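Letters A, B, C, D, E and F name the chains as they come in the text, with residue numbers starting at 1 for each one.
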């Protein structure tokens, strides 16, 4: 099932059998989301905390 | 104190206060030695086992 | 099958057009000219083509060449197209001109940016600026296309969403980094490997010609005069262009705002990729992962400290910046599927 | 459509197999495993694939992976295939193993060249050495293929005509130069850019593992024991291998003789090119014009002064030296046209 | 002879300090620490030093190290200096700190740019910002020096004449291109050769830490708040930094004006060269001809179209951007001739 | 002070001689000639020298040049020295000839290896082959020195211990890899950056001229005819040469035996380093850590499988392979300490 990224408008693929608490990320902008609601062929996502790792430069 | 490498003839620097069991290596050929005897301003070395690590290629 | 020819086919762009056409499937390459390599196999200049064609260079002049094919790519240096193009236009052969000679609409810009008075200003309106994403329908109906400059197209792709949305103002600073193939195959002191390896040569700190076409195109979309301060550097690689643009915005913009205008501008475009990630090795566009393909990769970062959006884009100068874009135009002009012959995945690592 | 999977898909060879399969048209890539990147898009490891797939890595173990597909590519380090392969063989899933674990027929060679006693010597005969040019029919009928090593295949292609014709004798000296991707994606002190740039690292002056498979394959064709003195260097580039071999011949050979055995050996082969010219920039094989393709380019020079033929060949280590060759084998195994998905023209210049 | 030590001596900057000191003639290097290479010859980490020293690494902690020498170079990562420096300051050993931990005067900037609350804000005033051209007399009298960041120093050298003369206004846009050694010797996915070769990585499009020290130093000279919009890219080479700065000026400036402020600022400076030529291969600064030396090369171009001066400067990040500058400071602190050990001619071509 | 001049000073070797002499301290460079850059500052050709000299090129012909100095370096292409040297020899000015025109003792070798009949065979005995390690005393007393070829000197350094000890037999296979500067500054299709980057060009698979001088020098030491099978490749870098030699020995040799002959041959030599380690990144010679210095780095590996010793050596072709060696000779000829001006530590990483 696909849902729209609230940051960039990209399509995020979420497995049909996903569970609350699973993590997904947007292929376009890299925003991480947590699945906070499932049901009725719909899924609700909440942006996870943004921990940007250092590139090492 | 300096002693000669039995492999390559290079000079190996061994600290004056070295102890038996200490490891030293030859700056020219990389052979590792264990200090097996000390005394009288002299030191006896024995080549340590050659464990060549992989370069990762 | 449609027959196409390439004039200036011994050059780097010419060679790349040949490579794409030989894999295209819809056209027949029947002519490749070179003044210096007449009679040689084209793979003498382009050794990669060995095994794919036994075509030989002829020294047909451009006008003769145009008389022998259905569509002609003219891939010669700036200033040498305009000498022959009027006659070709008259003849009516479909023409895609890789030079800058017909890119500018305002003839008065030629003396300023190119250093010559344009000898055929009346022909300028008959050429379409060959950027498919902004001139798709015109190209479909065009007989004469002026293919964009390589730094120009990378810059325009970056700034277009900002121009369209009215976000752009003041002067936008653009820092361009190009590989060596962007300056063609000429052998001279400056192109010698020993001099260019390990170098970052600021070969045009100011006054780069592409400024003119960038401003022309962006101003159209912005509905006001857009100004660009472009500095171009040649870096230690052969292919690829990266442009880093500082767009100063009046009001503070959020990431979501930028995404919105990016999507609006490029929805459905087959050759635009967005590259932006929070971690990993490739967080923003890098020619390393674009080269070899017809993509323009675009990404951005917001700089609150100075009120700008840093927009970064990369292309393969010989493909999206030249041959690929022109084959895209050819596809539009001749009614082929837009992406035919252009969907190769880039290599990684390479 | 046939479903295929890749184990070790986060690696460089795994990524290249994915790239080729995504453009192949005849197969469905349904599985890509990584122990460390589970749940990530494959384009996180292989950013070039962005826009071509939304597949994500799973962490299926190799045996489970084998149970889910029609054909499996196993692209993990040497020594880790042999631990899981017996179970896969039992299951019967078609398998192309990229490691050296099943390349040698003589189990006694494993301790000498690989440093381990082979745990499943009885399986060795069930694997075909996956060099299509020499084992085409066997591969067609194979379920289990051991794909050749990259330096090995470049060397074998060079020396095969000499082995077959009985010209080879004594020891043949082979100098190999490889790009960095030949050693995979591991991050360690030796693979750091600052250490490896501008370097020529003689990383295996003697004792290179591929010696064993080179001698095995050539000896078969020569009908006598062939010996190879191989020294391998890592040079300043990412892709490509060049091997320069000194073949000492008993009797004086003429250019025409060498051409004859070359033609005899490679007539009709779709992925072998001969590169030999008297002038121009590319007179002998150079990875620069091979990389990006599935070609092996072969050329030679006769050295009367010392009675040798210098044979030079180049391949893209990730394509003809790995992923391309394995897809070629897959085509044979599954009945696709041999060249399907493998006919890309290399880039020049790049 | 004065005895000096280096903490973090296995790193790239540490190694470069060792190289310079071993050729200096006035000091004795008696101590080089590494936590991971204790007991190894320093040439194991720095193979270039083979034949020049038989010194071995110790794992003395920084405070112990400070107790054993007359002057200590602290060449460890950001954030790890501040943990040990207070104790060293108390001890009174002369210290040159290569990190950013004591470069900023305003402690409130640390959380913003470095992500940590400064634990010893009272010590900040006791450190001199170690840029000899602007703080020469202070350094002469200093016991504690905070050596500038590499991109920071290149940028400051470029913009200083404009800051001093009051020409600078608004935001100055700075595009930085660095070699790989600027990010140290750490092995990780991003530093692997195969990933970094042929790449232009916009590793800090906005928010680069050096922004803070650049603004601090320039504002002092300008007598007003100077703002800098810095974007940093890692390019395909090991050593060298180039910064291209767009200085927007209120009034139109002529070439002669720029020369004047350049001369005023840098008259008599032994390590500043002006690079500006109308023809030839090297018309503006290029790391290619700076690397290996302690020079900062500066040049400029005037862009009337947008009312800016493009100022370009290059340094060797490990020398003028780190080790060389710190040895320059050491010379001042210890009363050696300023240029001792620092006058090597760069190589060309290389 | 002694005055010295350089003919062909616009070239890469000429520029490197200038660089070394400007830092030498014992001589005055009073003359630098170029036919094409008369009146220009030498730093126009050699931008690294900016700040170190205000010398300008003259177009004095070589003979006039010789009349104005105490010692002349002749750094022009092969074949153009012999046209002017007889006159200079007559004049008696000390001369160091960088070309191959006076390296061979046997005039009959010139047509074979250089393609010309030697016009002054009687002068050949008056030149000393300028390899200080083997001809030290002769050079001290020489007026005329023929400086060795770059690949030749790297190869001779590798093989000398084997020749002297009688270990060498049959044909020794030598694989050479060189940077681009080894072929001078000429701009032509093959030297263009876009063509040479990322390339491994087997530019002389057989028949390399240096073979003749290698065999001449080694045969002298071996007391028998030594034969060398040399293949030369140009790789992707500017400076540095690596030669990998396969020395086949009659009887099995042990590591300790090789060390013994290495020590015997090079005891006390200031510019020879042995590079051989069991772990770490640099286990054998690599140009990366030699370039910029006057060292020859030598290492080896024993290959029991084929009964050979693989000997590897690296030099900086412009220093130990040319300018450095010639300054070493100058030091000997003029009574300076041998190492004066030549003891720079190479850079790492770079």
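Everything below uses one rule, namely that a contact is a pair of C-beta atoms (placed from the backbone, for glycine too) under 8 Å apart; a residue touches a chain by one contact, two chains touch by 3 or more.
The chain list, named the UniProt way, goes like this: A, B = Lysine biosynthesis protein LysW.
Here the structure is a predicted model, which means the values were calculated and not measured.
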Note, CA centroid farthest from subunit C's centroid sits on chain B
If you average the Cα atoms per chain, which one ends up farthest from subunit E?
D
Between copies subunit C and subunit F, are the contact residues mostly the same numbers or mostly different, with half as the line?
same
Counting C-beta pairs in contact, which chain pair has more, A-D or A-C?
A-C
Candidate from B-E, A-C or A-D with the same interface as B-F, over half of contact pairs in common
A-C
Distance from the mean Cα position of subunit E to that of subunit A, given in whole angstrom:
42
I'd like the Å distance between the centres of subunit C and subunit D, where a centre is the mean of that chain's Cα atoms.
36
Of all residues in subunit A, which are in touch with two or more distinct other chains?
55
Find every residue in subunit F that makes contact with two or more other chains and list them.
12, 180-181, 189, 194-195, 197-198, 237-238, 277, 280-281, 291, 349-350
Note: in the complex, subunit E contacts subunit D through residues 12, 180-181, 185-189, 191-198, 237-238
Subunit F residues within the subunit E interface of the complex
12, 15, 19, 22-23, 44, 46-52, 180-181, 238-239, 273, 275, 277, 280-282, 289, 291-293, 295, 344-350
Residue ranges of subunit E touching subunit C (in the complex, touch as defined):
171, 173, 175, 177, 189-190, 194-195, 197-202, 205-207, 211, 227-229, 231, 233, 235-237, 240, 242, 244, 246, 248, 280-281, 284-288, 291, 300-303, 305-308, 310, 312, 314, 349-350
Per the touch rule, the subunit C residues reaching subunit A in their complex are 255-256, 259-260, 262-263, 274, 276-280, 283
Subunit E partner contacts - residues on subunit B that touch it in the complex:
13, 23, 25, 27
